[in-house]
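Each in structure tokens, the structures are laid out below.
Both complexes below contain chain A, partnered by chain B and then by chain C.
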Partner chain A sequence: MKQLGFYIDSSKCTGCKTCQLACKDYRDLDVKRSYRRIYEYTGGGFVQDGDTWIQNDVFAYYLSIACNHCTHPACVQACPSGAMHKRDDNGLVLVDEDICIGCQHCANACPYGAPQFDKTRGIMTKCDGCIQRLSEGKQPMCVESCPLRALEFGDMSELREKYGLTADVAPLPPSSQTLPNIVIKLNKNSKPTGDTTGFLVNPKEV
Partner chain B sequence: MIFHEWSLIFFTVLAQTAVGGYLLVSANALISRHDEEKINSYKIPMFVLWALMGIGFMFSTLHLGSPLRAFNAFNRLGAAWLSNEVFFGAAFFAVGGLQWLLSVLNKGGLMAQKVLTIVAMLLGAIFMYAMIKVYMINTVPTWFNVYTPLSFLMTMVVAGLLLYQWIKVSADDDNAALHRYIVLIAIVAVAISVVVTLGKANLMGEIQTSITSASALVDGLANYLLLQVALLMLGLFIWAQPLISGKAVKPLNLALALVLVLTSELIGRGLFYSLHMTSGLPKF
Partner chain C sequence: MSNNTDKTTGATLSRRSFIKCSSAVGAAAAIASGISLPFKSKPANAAEASTPAGPEKVVWSACTVNCGSRCPLRMHVQDGEIKYVETDNTGNDVFGEDTQVRACLRGRSMRKRVYNPDRLKYPMKRTGKRGEGKFERISWEQAYDEIADTMKRLIKDYGNDSIYLNYGTGTLGGTVTKSWPPHNTLIARLMSLCGGYLNHYGDYSTAQIAKGLSYTYGGWAHNNSFSDLANTKLNIQFGNNPAETRMSGGGLVHHYVASKNLSKARTIIIDPRYTDTAAGREDQWIPIRPSTDAALVAGLAYVMITEDLVDQAFLDKYCVGYDEKTLPASAPANSDYKSYILGKGEDGIAKTPEWASKITTIPVDVIVKLAREMGTNRPCAIHQGWGLQRTANGEMACRAVAMLALLTGSVGVSGGSTGARESDINIPFVRFPTVDNPVSTSISMFLWTDAIYRHQEMTDKTDGVRGAERLSNPIKMIWNYAGNCLINQHADINRTHDILQDDQACEMIVVIDNHMTASAKYADIILPDLTTSEQDDWAMDGKASNAPYFIFAQQAIEPQFEAKGIYEVCSELAKRMGVEDEFTEGRSQAEWVEHLYAETRKQDPSLPSFEEMKELGIYKRQYQRDFIAYEDFRKDPEANPLNTPSGKIEIYSEALAEIAATWELDDDEVIHPLPIYVDVFEGHNDPLTAKYPLQLTGFHFKSRCHSTYGNVAELKAAARQELWINPIDAAERGIKHGDMVSIFNDRGEVHITAQVTPRILPRVVALGEGAWYAPDGQKVDHGGSINVLTTQRPSPLAKGNPQHTNLVQVKAIKKA
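Showing the complex of A and B:
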């Protein structure tokens, strides 16, 4: 079975948010919804050495996260209407907007913040991997917009062969929970999953 | 504010109260072999129980973004706990409501009413189990722990017991021994409920991800907890008051106690929803 997914190069990402805005513009999202979001994880501090303060272990890095089209999607498991479903042919996790009742239980379950409620239409919406663009032979909007070329999209078996298997890094949840279809190239500052030495710098932007 | 999920707060608390009360009233009726006339004498207070359940269901549909499609909630019956919850809740309401209707009309015979009562009790119990399972999601650490079933169960026991007693008194089917037993059980149940609340508060202090600390999710968490416990204790005091002062138990007395207990439960449930967080990134 084919499974599409994302490659995220956190070593290149500068947190410019072009991907987030390109997606927002293309999908015409309101202020609150962002199918792709940039999480800035920061921590560490300075130590005093006599009269000077020395940079000790200050760190910061960015993770650009949309829907990871998980192999075991928590959102699909929670959904009572079957609107949230995983496609057999390409592994994308999509909302059938004609069935969704807007109970938002998928958003309770997803540990990546992917399902996002459209208040005006009363239904759940999310990243669909730009399935329309894919059918036209194009790449998703976020991937094409990235000025750092830090995002890729494609068949997971190829992406994993090329870039490895890493899907665990703070502040993401343990990948064993939902088996997300992402490969991450770690930033040199990366902290392991479960790390509590840092914090989210931009809570209002995600 | 802890009431952003007000519709689900009211739905879950009212449903647990109604099912808890129904299980006790029905078990009582079956064990004491109530005849049709006796069951009929419960019709008015039992209407209040079904009204509470009905109001609860109204709240549950208000929660939906697309309430006109509410029937789609049954689509994944057997596969999603939310579908199971809605199905067994509706079935409990329908079968129990039918039994109530038969009791009002004095139709169908005692046997049919007994069968319906037993079926409704089973449906109500499955409904409560499904309601717990809806929230046992392994990616939500603040819900995926023993305090979700415990706190839901204690709402059923405490508020259900009080509703049961109110129904007995309102149906003029009470005596001093019954009140003594109920109040004794109530004291134990409220004590367990307080232990559960404090145990849960303690666990919340330990749940932390890279981004979110459970204890920081609610501003003034300690104050809400204090208010929740204080209202429960005050409710218990008014509940037990007639027994302490040796006066007759009046429906109004118990109704006031029920309002206090339910307010406490609503605050507790408000905290439950406000303490939602995932094992990874925050909910949108």
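Showing the complex of A and C:
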């Protein structure tokens, strides 16, 4: 079976959020819904030494995360209606909007915050990998939007062959939980999953 | 559960329904071969919808705001409405071959600007006090007549120099719609045909560096393009932050990162903030106290000079005033740069790393190591941003930073630099023809508020009046086109508010814009402008390293409401002023658009035809060379002198010595022939620090381009306006991450949430500039507008805006 997923180059990502806004525009999302979210993880500090300030490993980096179309999707397991499902042919995790009852169990279950509740329609929505665009031979909107060329999308076996297996980095949860279909190129500043030296700077933005 | 069907549309999926896809993009094609749509086909799906949608067209438009880039936007239009926005997706996007010009998050949100609830819908006339936002709807005819009648009266009673064109860069990237510099605008064309206008010089972006470095290099100071970072050994970004100031992928951040990655040059970022340009792409971040850049440079120079690491041959041959050998005859003894550094000059202070450390807060060993790195990696790349010059003595700070390029002999060579901001290669394009302004008088763009109420005091020696010894008239009328410097982006909003309250002083303010900005609320007459999406224009001047381009931005949708374009507005006014034929030269806007391109093609016949450009939308060139600033001068300085009085790079400027001796300055203002360090007003040594101990600096914020896009809800939510404050300062004030705080000084008060972050130096706080001013009844701003706190006191030489030099206090007011 084919499994599609994202490559995320955190060494290039400047946290500009163009991917997020391009997606919101294309999918016509309201202010509160973001299929793609950009996490800023920051730490380090300063020590005073006489007239000077010594900066002790101040760091920051960004991670752009959409839906990871996990191999073991927590959202699908939590869904009581069967609306949330994983496709056999390409591994994308999708919502059947006709079936969804809007209970939001999937949103609570997903450790990446991917499902985004549409209050107006009372149903769950999420990144579908721009399946319509894929069918037209195009890339997902976020991938084509990235000013830094930090995103790619494709067959995971090819992405992993090209870029390796890394899917663990703070502040993401351990990849063993859901087997996310992402490959991350780590930023120089990256800290391991579970790190406590930094903090998520922008919880209200993700 | 998992399955092969998706009931989104009630259709069953068929594995046979492979979509034959374009092979233009290999990777995408490979993916698409495995994708089947979760419904039968697109037309069938569309037909099932209750209201059949019309055919979709894709129109090339553009984002022409003042970010430094100009981005193509491909508007997907259906039934007369923009449905979504794409950007340049042509070609293979191989860097250095066919780089796509990708819009940033703001351009991608253009739809929300065009259809914004703040859109100005029809002409309006003020009914309340200025700033109250009370207006009545009027007709275009009435608006034109009232403006023309007032202009005629003011010209008769006061003269043309009582009519001022305010700074505005909302459509900087347009050609017909161009809003700055003033003489390039259609307003100026109209006014010049009517006898002229009071001009301004300088700009809120670069006032101090444009003036300061002109004495060093002669005219606007260039630097090597970012593409040349591929050839350098050492990359020093001194307050330069392309990730936040040049965000689009056709702009510079992509060129910066990709070029730097080619050389893998060691990268050092000097900035009070740990910027997004850094964020893991740097080898070292050196945080520096704002307004002390010249002190760091002096400390670095001391190490390089005393350890014999300077390029003496370069300094001897190409520069004036490095040491006594090249000092002009008029200069006093020991007034050369080397004497200043070594303590043999007038102040007798050796600018040791220890001296610099105390001023900058940078540890001595960091300064010494940096100096040695620069001195042993000559030539090296040193680019300065424009933040450090937007300060109370930015003229000297920017000249000081250029010293690093001179000491290392980096000018005019590959892998080197001039210490100015990066330059680019451009494609020449014919501009809308200008008309000479019969009025020669010009003021600093920053002093228009003063020129309303104290014009009689303003002279060349006191306030930098140019083109005349003094102002002979007050400003009685202001044209404010595509700009927010009437309130939001001008310093000291509360002072401006007070000055503008007297509508017998400045009698007429005309605001032409798309949205009800803070500035529009102070208008006497508002004229609703078209957005770029609603008209044809050329967009150019996008900074793009060695990959320049221009865009044919074409009308995507019909004009919204009663909005009209600037060309029609000025033509109608020209009719009433009796200069219509001279103004239009018989052409419509569409005819001008075609004419300007025809003129451009006369100069460069290799460009595509006008008809081809309609299809292409964007025309790009990739040069296989870098822009090397002053390359000819470096090769042969005799044959290719600079535009300085000496023809050389002037470290010591006789012209500045003359100004220093003749201008009237306050005791804490310094103009000096050398790029020396001086303490500035509202700097870290100002006694005012007892009351306001924190230095406040602004920065360009990703959710806006200055104030443009500042009313787009999606952007405001994606990147929230917050005050950056270090955990050390926050802890001393009981402030936690996300708390509501008050930022205040004697000029005003802002309430906004705190972002407690180690990414900023202690004793410094930072607020993104451009947030929309949102005052309550008590003059407290709740939008996070930095200009409630900034000063209208100008810098000494350029009379520019020191909007990054502010002292404030911060206190917690509400827990998160």
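Rule of thumb we're sticking to: the second predicted complex is superposed on the first by the 205 of 206 C-alpha atoms of A that agree within 3 Å, B and C clash if a C-alpha of one lies under 4 Å from a C-alpha of the other, contacts with A are read in each partner's own complex, and residues count from 1 in each chain.
Note that a residue touches a chain if its C-beta (ideal position, glycine included) is under 8 Å from a C-beta of that chain, and two chains touch if they have at least 3 such contacts.
It should be emphasised that the depicted structure is a prediction, and the values quoted were computed from it without experimental measurement.
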Clash-or-fit label for the pair chain B, chain C on chain A: fit
First (chain B), second (chain C), both or neither touched by A:K86: second
Contacts of A:A74 with chain B and chain C, given as first, second, both or neither: first
Touching partner for A:E161 - first (chain B), second (chain C), both, neither: neither
A:K191 touches, of chain B and chain C: first, second, both or neither? first
Partner chain(s) touched by A:K12 [first = chain B, second = chain C, both, neither]: second
Partner chain in contact with A:W53 - chain B first, chain C second, else both or neither: second
Chain A residues touched by each partner, larger count belonging to chain B or chain C: C
Contacts of A:I99 with chain B and chain C, given as first, second, both or neither: both
Partner chain(s) touched by A:P115 [first = chain B, second = chain C, both, neither]: first
Chain C, chain A and chain B - angle at the middle CA centre, rounded to the nearest 10 degrees: 130
Partner chain(s) touched by A:I131 [first = chain B, second = chain C, both, neither]: second
Overlay on shared chain A, then closest C-alpha pair between chain B and chain C (Å): 8
Residues of chain A contacting chain B in one complex and chain C in the other: 32, 79, 82, 99, 199
For the chain C and chain A complex, residues of the former touching the latter: 1-4, 6-8, 10, 15, 19, 21-25, 27-32, 34-38, 83-87, 89, 93, 95, 102-106, 108-109, 111-112, 243-244, 247-249, 251, 253-254, 257-258, 274, 276-281, 285, 287, 357-358, 361-364, 702, 713-715, 717-720, 726-728, 737-738, 755, 757-759, 761-762
Residue ranges of chain B in contact with chain A within the complex: 63-67, 69-70, 72-76, 80, 82-83, 86, 134, 137-140, 208-211, 276, 278-284
Of chain A, residues touching chain B in the complex: 32-33, 37, 39, 41, 65, 74, 77-83, 99-105, 107-113, 115-119, 121-124, 170-174, 177-178, 191, 193-196, 198-200, 203, 206
Residues of chain A that touch chain C when the two form their complex: 2, 4, 10-12, 14-18, 20-22, 24-26, 28, 31-32, 34, 42-46, 48-49, 51-55, 58-62, 76, 79, 82, 84-90, 94, 96-99, 131-132, 134-139, 141, 144-149, 152-155, 187-190, 199, 201-202, 204-205
